[in-house]
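Each chain carries a letter (A, B and C) given by its place in the written order, and its residues are counted from 1.
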Amino acid sequence: MGQVVIETKDLSKTYDGFTAVDKLNLHIEEGEIFGFLGPNGAGKTTTILMLLGLTEPSSGTIQVCGYNPDREPLEVKRIVGYLPEKVGFYEDLTARQNLEYTAELNNLPRGEAQERISNLLSTVGLSQVSDQEVRKLSRGMKQRLGIADIWVKDPKLVFLDEPTSGIDPEGIEDILNLTANMAKRGMTVVFCSHQLHQVQRICTRVGILAKGHLVAEGQIDGLGRQAIAGGRYRIEAQVGQVHQELIDAIKRMGGVTEVQDSGDSLLISCNKDLRKQISKLIVESDNSLLGMRIEEYSLEAIYKKVLS
Amino acid sequence: MYAIFRKELADHLESKRFAILFILATLAAVFAVLLAVQNIRGAVTSSSEFVFLKIFTISSEPLPFFLFFISIFIPIIGIALGFDAVNSERTSGNLSRLLSQPIYRDSIINGKFLASLAVLSFMVVSVIAIVGGLGLRIIGVPPNSEEVLRLVAFALTSIIYGGFWVALAILFSVSFDRAATSMLVSLALWIFFFLFASMIAEAIANARVPLDQNSSLEMFARNIEIQRMVSRISPCNLYGEAIVALLTPEIASLNPALMMISVTVAGKMLTPLNFGQSLLLIWPQVVSIVALAAICFAISYIRFIKQEIRAI
Amino acid sequence: MSKSILACLMTCLLLCAVVFSGLANTQLVMAKSEEANSLPLIPPWQASPSEEEIQFNCKYPIQSGTADSSFSFDVDLKYVGGEELQLFDLSAEGPSGWLVRVQQTVAGTKELPAVVLDPTQTYGGEKVVVIAIPPYWVITEPGDYNIRLQAASGNLEGSIDLTVRVTARYEFEFETETGLLNTKATAGKESHLTIVVSNTGTASLDKVMFSSSKPSGIGDERWSITFKPDELEGLKPMEEQEVDVTIKPPAKTITGDYMITLRTNSDPLTSRSPELKIRVTVGTSTKWGWIGAGIIVAVIAGLVVGFRKLGRK
């Protein structure tokens, strides 16, 4: 794939004896939308802060776009956008003024900044309220303004820390679309969230962090099989009558490792997709097949499994 | 840093806090001067060359004089300009956003300090100029060059003193997460310095050198000397001594006991000091205030730089 | 010893005369004639009663006063030597321009052109008052002026010379030209005030000199108050002369009201040297006033510009 954007090696952070991040190895490539998951206190935000150079790692190395954030924080900050979880704006300033300030802090020439800000405000759908004070904006609007704010500096890499918390479904939809939009424009996005289905919708890859450890990492479906079923496919078949003969017959099929009887349905674990064969077998054994489905690995299930 | 300075400056200038303080300070100063000017004729003795400075130093009962007003307003303004410098950024969620911008971390605190100092200077200079202009209009006696120099020195000393309070308030704004806490602590410290430092000094002096009716002049002098020395722990007193000496050239010594003795015993005439000598007289005070301000700023600077940005 | 006995005797005789005077005219004349011979206290007209004449007696025949006063002389007239009542015409005359009248009393308004005198009246005389008033339209020079009172009846006539000694009154007034007792001045600048000195006395003043008392100034600079001319010479009565007063407050004068006192002195001295207390209102010199106002305006402008430039809106 593309260029490596984030690379950490045995990254650790200890606060007063408490280990927030423990030997974390991350590898994120350009153009990815990386879902960064984990319960509260797992160390997600700490990791981001270290990646931004806002917090010093206790040990380990970090490379962000080839820079060491600890030594060259300014270079990193120039190309990295960070939307903190509790993003705040200057309430007395208008949306536009807030963005102008950010542009100024990034040393953008005034004319260019104005143009970019106008475009961004319309991209995030805030053109109407761009000259209102931020205090009058809704939570969702502020969140979108936050997106625009990190976009002002046209970053290569974007960290979104819980960008969808506390806003309404429509707002969430907007944020997700914008995030996808950013990725489309070539930005690498690191998306931290608890909202697993959102992550599932937009992220190409996820990493799950628990107690400072990266407990799972990869693309969602592969990750699911790996985490939940030990890499197997699980097929659920609803049959008219469950009896031992059928179970034994299925068990005898090649590739089937386990069959569980759950009353009116059978749970079949196998190492490849055997739905055709199983349905044929059921029908041929004069039983009625009422339904069949192969289990999809929802992120939620993976998450629960991984963290349990 | 310039962007931060500009933004903070604009914030201050547009804040209600600034408007209210500025109007209050100006009104108080103008009032004090208008009343003082009515007494100026009586206060101007034939030997006095510094008529213009009298505008600033004459009191008109029952209202205190201009210097008193300004010595109250400067700490309040300084505190108001600094107490929420850092913690408000933190609580509003702006700090982490700000810190993720490509700026040096110290430029945030530097920019804020300089912006507050600029606003303070703006206010001090404006108030002095308005009062001076008004005084000139009313009494019609122009200041001579030495008086102008003294006023400039007065303005500078006031700005330095205000800088101390700004630095102190910023220190508390770095140390306390809540703006209300840092404001209360700053104000409490000010009240301590302003009111209690002198009382404590008096108590210590009386404990060391008890005075009664039979006490000799020397005893009185020693008592006052101890009081002076102890009360100099308070920047309020340092500033007070400095500006009184600056605007009252007749004061030849900051030690009232010495003054008393030299006048009563030696029969020394009170001849005004020249500017250089006055400056020499208050030099320790000014340096102390600068040092205090620098210490406060350095501590807040280091604390801010070292402060970890924690996850939540 | 002999002197006190004589005084005793005289007192007794005088007492006797008073007692007898109530009894009868003839007896009294007798008694008087006896007394006249022996005592010097007898009025002069009884010295030679045999001859017919009119006698004048004025106790204060010389009076002195300033030219603007009126003089009155009490004159007693006595007709002696005659036997019947006689009407005498009275006339009094003084220097030209003088008003001279004969009246019964000082306060009276009626002139007495004639008087009836009784030769048999032995006690006292008939009292008339001669009023002499110097002319009011011209100041009468100091000096002695003769007023003569004449009484005539037929061939019999007599007169008395009264002397009015006009003395000089030295007096002058002193006020500002406008009559106002306040003026305006500017610190460090001269301002002028015209005062008028008028001789209201009856004689010319050799010299009128001026001095002033000043408010205390600041530093070594003092108020300066100068008079031009700094003295007046030979100011005639009724004459007035203008004096220009230059008032210069020190440059560092605080605006406000100051009292200055302009004093005078004269030669010859007058009973009262007039003085003027003048309130000088020192205003801001326009220059500094404008500069003061300018500073305030500049500060406000600076504030506005500062807000515009440094603020956002």
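We adopt the following convention: a residue touches a chain if its C-beta (ideal position, glycine included) is under 8 Å from a C-beta of that chain, and two chains touch if they have at least 3 such contacts.
A quick note: this is a predicted structure, and the numbers were derived from the prediction, not measured.
Peer 1: Report the topology of the inter-chain touch graph, choosing from line, ring, star, complete and other.
Peer 2: Topology of touching chains reads as a line.
Peer 1: Nearest chain to the global Cα centroid?
Peer 2: Closest to the centre of all protein C-alpha atoms: chain B.
Peer 1: Measuring from the mean C-alpha position of chain A to the mean C-alpha position of chain B, what distance in angstrom results?
Peer 2: 55
Peer 1: Hey, how far is the Cα centre of chain B from the one of chain C, in Å?
Peer 2: 72
Peer 1: Roughly how far is chain A from chain C, centre to centre by C-alpha average, rounded to an integer in Å?
Peer 2: 121
Peer 1: By residue number and range, which residues of chain B touch two or more other chains?
Peer 2: Touching at least two other chains: 6, 14.
Peer 1: Send over the residues of chain C in touch with two or more other chains.
Peer 2: Residues 312 of chain C touch two or more partner chains.
Peer 1: So which bits of chain A are touching at least two other chains?
Peer 2: none
Peer 1: Quick check: in the complex, which residue numbers of chain C touch chain B?
Peer 2: So the residues of chain C in touch with chain B come to 187, 216-219, 251-256, 282-285, 288-289, 291-296, 298-299, 302-303, 306-307, 310-313.
Peer 1: In the complex of these two chains, what residues of chain A are touching chain B?
Peer 2: Touch residues, chain A against chain B: 15, 20, 43-46, 49, 52, 54-56, 74-75, 77-78, 80-92, 101-102, 104-107, 146, 149-150, 153.
Peer 1: Show which residues of chain B lie in contact with chain C when the two form their complex.
Peer 2: The contact residues of chain B facing chain C are 6, 9-10, 13-14, 40-41, 44, 46-49, 51, 122, 126, 129-130, 132-142.
Peer 1: Name, in rising order, each residue of chain B that touches chain A in their complex.
Peer 2: Interface residues on the chain B side: 3-4, 6-7, 11, 14, 91-94, 96-104, 308-312.
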